[in-house]
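Both of the next two complexes hold subunit A, though its partner changes from subunit B to subunit C.
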Partner chain A sequence: MEDTSSFAIRMEGITKRFPGVVANNSIDFAVRQGEIHALLGENGAGKTTLMKILAGLYQPDEGQIWIDGRAASVHSPRDAIDLGIGMIHQHFMLVESHTVAENIILGLDVPRFVLNLEKVEREIAKLADQYHLLVDPGARIWQLSVGEQQRIEILKALYRGARILVMDEPTAVLTPQEAKQLFNTLRSMVAEGHTVVFISHKLGEVMSVADRITVLRRGEVEATVQASETSRQDLARMMVGREVLFRVGKRESEPGDVVLEIDGLGALNDKGLEALRDVSLTVRHGEILGVAGVAGNGQRELAEAIVGLRPVTRGQIRVDGEGVTNRTPREVMDRGVAYIPADRIGSGLVVNLSVAENLILKCYRDPPICNWFFLDGDAISGHAQELVRAYDVMTPGIETRTRLLSGGNLQKLILAREISSKPALMVSVYPTRGLDVGATEAVRRLLLEQRDAGGGILLISEDLDELLSMSDRIAVLYEGRIMGIVESQEARVEALGLMMAGTAPEEDGGE
Partner chain B sequence: MADFSFLVIIVLSAGIAAGTPILYAALGEIFTERSGILNLGVEGMMLIGALAGIVASLATDSVWIGALAAMAAGGLLSLIHAFISITLRGDQVVSGLALTIFGAGLSAFLGFPYVNVPAPKFATLPVPLLERIPIIGPIFFQHDVTVYVAFMLLPAAWFWINRTRPGLHLRAVGENPAAADALGVNVVLTRYTYTVVGGALCGLGGAALSLAYTPGWIENMTTGWGWIAVGLVIFAAWNPWRAAFGAYLFGAISRVVFDVQMLPTAGLPQIMKILLSPEFLRMMPYAAVIVILIFASREAVRQRVGAPAALGQPYTREEAEA
Partner chain C sequence: MESSRGRALPRLRGFSIRLEPRLDVPRWLPYAVPVASLIVALILGMIPMMMQGINPLTGYRDMFLLAFGSAYGISETIMKAIPLMLTGLGVALAFRMLVWNIGAEGQLYMGAFGACLVAYTWPDTPGWVLLPLMIVGGFIGGALWGAIPGALLAFLGVSEIITSLMLNYIAIQWISFLVIGPWQDPTSLGFPRTTRLSGGATLPPITEAWYLPTVVFLAIAGVVLLYWIVRRTSDSREKIKLIVGYAVLAILSVGSIWFLSGLRVHLGLVLSLAAAAVLSVLLSRTRWGYEVRVIGENARAARYAGMSLKRNIILVMMISGGLAGLAGMSEIAGNLHLIKRVFSPGYGYTAIIVAWLARLNPWGVILVSLLLGGLYRGSDAIPGAPKALGMMLQAVIFFVLIGGEVLVRYRVRLDRGT
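Take a look at the complex of A and B:
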């Protein structure tokens, strides 16, 4: 080991157990003064847990921490702040109804009693200027975009004098341009002597921004490498533990008749504000139409409007030529529309029911499952066994309570139920979010099979790589509007990114 | 015309007197709910406070000690709720309802010997000079001291919540405890503190009833006023000023209803007899306050001044990740 004093962070032998899992198993992790260090790994690899230990939110069961070469005990977030550690969580820790200034001074000892926000706002403006982080200190958080909220999180850490900045999946919610801007900010912070740790599972950004990379897999350190001495392939292998195919094998699509036709659609979000403005698009049989966009630009509302869960205020929706505008979800379903919701546990499944019961949620009214009034137990278990086998759902049994399944298997369960109803159209929202590489591959394969069998798919995703590899065409949503629809073979990430940020494409392929 | 303004003064003055116990309880509940804890035990804490006030002031012959005892009793009772909902992370609705039932039962049991026993009370104490202002004086400044303390508590509560550092921490804990925790605010301590403060204020509300507004102890003497306070907090959008408006309004309507009951009903059509029947009239203050506050709060709701986002949700720092 090198001279320990050059390390901003040194964690040794960190072990953290949660009921049933070892999240961190004897982890050694060291970050040099003034570097950008990426913590890379799949979901559930233990990255966030390790950093929450550093931030004082979790207490390790074993292990030692040194900050700036001195042994440190981090028993609470307050200790971490005093040591100069600022953590920016994946889900921002901001009080939505409060102002920027109120959020930034929250938890500080000054002002002592009476809040003098004007003075604080001036200080914040000065600090923001210094790091080129544009914010309005008087604005309320809920009025701000995700990118702005992230800047406030950074300012919050800097205002507390943080020298070590830990960012958990900072680019997950950003457009490619915003991500670039963030990386510039991080570089300038490092130039001023700060140290940055950032958690990611995206190989590309890790390679482009990090000085060194530590790869975690299943709660253990796989390796720590120089970014300049490794490759995407190597990193992927370390992360997953085997070779990874970056592209799913996909046949040329054979689009048929139009299955979904949306014309001038408008809808409101939960706050009663306009979420969709004049959205028009079509999906054909045997085609995947990807919908790109930063989360919160109307994706959820679009999916819900189509499947009948959200009132449509304007425009028309037709499935196979029949109008389904503002019909009930069951009427829409009966027209052959299947729905893979973003929220698997909340709207996709009833997690307290068994696997078998979840599988009949769409066909419980029809024979052979239901005879006149009574459910047929044998038919239900036969149905369940068949689907569990066909879709490779890993479950101890069909009577197992669904909440005990892993995220990937929950998603396969939903896909089994939806695809087995032979839908003409599948509305699929963030189908691989939060899944590990294996489950992601399985889900994508199922979607492609469904397409090849002649189904139309509306695929809403935040993952541009996924959209580019899966879709035949890609529509970009920005603030509830379609910014453009491009053939995915001709699509460039930069152009999509610009559209995601609200810039209309220059040459227009005919709207 | 002179008669009419005389009537208005009587009604408004009575409204302030009757609204004061409710206002204490509502302010207490605002503090508690702003920290994210929903305590439906207001009625129970008011009853216990009312009884404790009587018992202590009879024992010491001091209404002041009676009021302090009422606060202590209310605070103590709310500590049970705090323990169940903060430490044990139990269901706050169930715990709060249990507290109301427990408080009502316990106060009835322990209070039996005190029913209709003459007890000391806060005397009417007109404020020198101010009481002589025409109209304003008789409405606001010819009351007992519990009314004046409420006047002072009101702006203090608003200032504390909106303009001080502890108030910022209080609001943050109720809105997003995880964010507050990550910045070093002690979520558990904050929630305990304001649950107990809220309970103490509910107890004081009970004492304002038993030592001032309707002196003496009667079983279940709060007659649902604790629930009015709980409702007021919601319809007042967690704002002390709106809560005061609602509490005083309730008091004033109660007074009007009381007077209308005295009207002769002989010879009126049947429908009017029903409308003027004591049973129907007694319902009016409750219904009217809720309806009026729904309309009064529409603007607040539009501006997203909603319930504290984490209201009723237990907080725990360490959660196993999926």
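Take a look at the complex of A and C:
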């Protein structure tokens, strides 16, 4: 072990539990002075939690922190600022209608009474110049692009005297050009003696900018490596993990007619940037098509475009031969498309309503649930009782408020509702994310049963094991493009990992 | 995952008060907090009373006696409560869907306008034709006024809070214009008011003549209920609920005719109760009510389930406005019998308090309206007290109530400073 004083950050034995999950399990994490250190891992691996502990937003249940070699207790963001730690969140904390300078001094104790905004602006301009962060201190936030807003956040941290900068997925919202500019800034900051930790799940950028990389998986440290001594393949393997938890007993598929046909699909993400570019794929009845890819490469947009929740800018979507491009969610649903959204609580369920009320979310308009205008209470409870029994949902009762159910049971509830509509196509996004082993297996079994009953399934997942064991074919999505579609029997983790990192199957090396 | 992060409040001498989100809210809490808030508000309300040199205890006693101490007092309290009930129901419906309609006041005025337009156009029509038409006119007047902010919100994303509020002023000024302009009573000697409504256009007060129709109605309701119980409901708890409900309905209706006959309370009360009943059934037992509840709880899930947010926003604003319009209709046809310049003492604004205190529950609105109606009435009780005292009390109640909401969602914890 090196002398502790050469570490800007040292965290030892950090454990943080949330109800039902261990987000960080005795994590050891150390960052050297003056390096760019990447924290790599899948969604839910515990990266953000670890950094929020460092920034004083969460308190660890166990563990110790040293900053610059001195034991430190970080109880609040204020403590973190005093220790020279600045965290830049995924969602910026800026006041839209204020100017850059006003935002930067927001919350500071100085100046006490008289605000000399011009002096502040001069200081900011100097700081900006030093780190090549081009901004106009007098501009108002709403006038600025996302990339510029991020620069303000960096300036804000620097102005507060941060020497350790923590960035949570800084490139998630940036265009490639802006990302490149950001990396230049980070390099010049390190050259000035600052230390940078950045959270990411993108292999490419981690390899190009970081000095050292710590890989987290399921709340534990997988490894810490020198960027120069590793490769994308190694990182992909460490991130995803090789060992198979279990294999689902799966029969040979008997694909029938094409149920979903997507041709040259294009769509924008919430920021208005291109999220899908010329995506073409087909799913047949009785087949599971897996979609692999690192999160944020267009998976959510793909699912939403299919089910009618996101406008399609180009291309065609057909379900059982009928066009459903840019139809309303209701019209798509009526064509027999079910949808298991990634965000269970946010859009799949209404957690303040009862289990029974959630189970009719898709069929509340149709008999026997609804006769003319009136809902039939007996039919609703009969429906709920039947589904709760058939899908083995653990709930105290059908009138129980849904928010009281566990994550696995919430997902079973959604599956029960969606599968019971006997869909021709099921779009399921991260169906087992965050579930424990038992619930994961139950969900996978239900999906396979649905396949064997002749339904087509588009399975979007980050878990390569899941894709390999569940899918009949696997498509890999990278930056909104299909990098390739392979038969899952022939697929190797390494090859998929490379495609997920943006390397086309035939080529060797980088982009 | 945010749950472990409490909101930190200022530290006090080594202690810090923390608000932690409750993982689960006990069932009784959402009802206990408004009651407690009300009590705290009444205690705080003593301060302005004492500043006026009024003994708060005798003050409250006088207010209570004036509002609820006699049949006449109760009748007058109900007169104030009727417009609160109807506007409160409208506001509660909109708030259920998180559409912040604060334009009930304007919608009330436009409802009065719509009803009077009907009444002045066909003044000689008999009441049994004219009154239903006026109800329709009042509802449409309010509904159209509510549709404007609804459509602006649905199609252009303009804040309904601003637009519905602004439209209040326009509606009030429109009525002011009518009562000194085209609709002014030529015999009013310049007073800003309209001609008295014809006899057929007034809502009749409750009299002994109501016994017969009420008994007939109760008999029919009883038969329907019996049929329903025999045919449909297997659940014995549901049966008991229905039977008890029927008994309460029967006792209340016959009892209130006996109690209120010969006083000023009019058919508007029945209209309000019917509106509450219809709204309560709509919300809990129909497809549309289900949509409103889902949209109010989670708009993204609603979109995911294929519900149309735009259509429902406009529809809810129209029904909400329509109910407020009914309040205007009943106030004019039942109480004032003509339109005066500013004839509502802010019922449409008080409706916001009513809806919130009632936790957006239709039957709760009826109860709270009676309470706040009593406050309106009771604030006349204290000699020498300014008129504003009642409004001040209302404001205090609302403040304390909103403050109290925090306790429903958060748990307060006192930590030793770390």
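Basically, the second predicted complex is superposed on the first by the 261 of 511 C-alpha atoms of A that agree within 3 Å, B and C clash if a C-alpha of one lies under 4 Å from a C-alpha of the other, contacts with A are read in each partner's own complex, and residues count from 1 in each chain.
Just so it is clear, contacts are C-beta pairs under 8 Å (C-beta built on N, C-alpha and C of every residue); 3 or more make two chains touch, one makes a residue touch a chain.
This is a predicted model, so every value here is computed, not measured.
Within the superposed three-chain model, A:353 lies in touch with subunit C and out of touch with subunit B [touch as defined at top]. In the superposition on chain A, A:365 contacts subunit C only, with no contact to subunit B.
Judged by the touch definition given at the top, the superposed model places A:207 against neither subunit B nor subunit C. In the overlay built on the shared chain, the residue A:407 is in contact with subunit B alone; subunit C does not reach it.
Touch criterion met: A:89 reaches subunit B, while subunit C stays clear of it. Residue contacts after overlaying the shared chain place A:501 against neither subunit B nor subunit C.
Once the two complexes are laid over each other on the shared chain, residue contacts for A:107 go to subunit B alone; subunit C is not touched. Of the two partner chains placed around the shared chain by superposition, subunit B and subunit C are both touched by A:18. Once chain A of one complex is fitted onto chain A of the other, the partner contacts of A:76 extend to both subunit B and subunit C. On subunit A, the surface touched by subunit B in one complex and the surface touched by subunit C in the other have residues 18-19, 23, 49, 57-59, 76 in common. Remark: subunit B residues 163-169, 171-172, 175-176, 178-185, 304-306, 309, 317-318, 320-322 touch subunit A in the complex. Against subunit A, in their complex, subunit C makes its touches with residues 1, 3-5, 8, 23-24, 232-234, 285-291, 293-294, 297-298, 300-301, 303-308, 418. Interface of subunit A with subunit B (complex): residues 18-21, 23, 44, 48-49, 55, 57-59, 76-78, 81, 87, 89, 92-98, 102-103, 105-108, 111-115, 142, 156, 271, 407, 434. Residues 18-19, 23, 49, 57-59, 75-76, 307, 309, 328-330, 333, 339, 341, 343, 346-353, 357, 360-362, 364-365, 370, 373-375, 377-378, 403-404 of subunit A touch subunit C in their complex.
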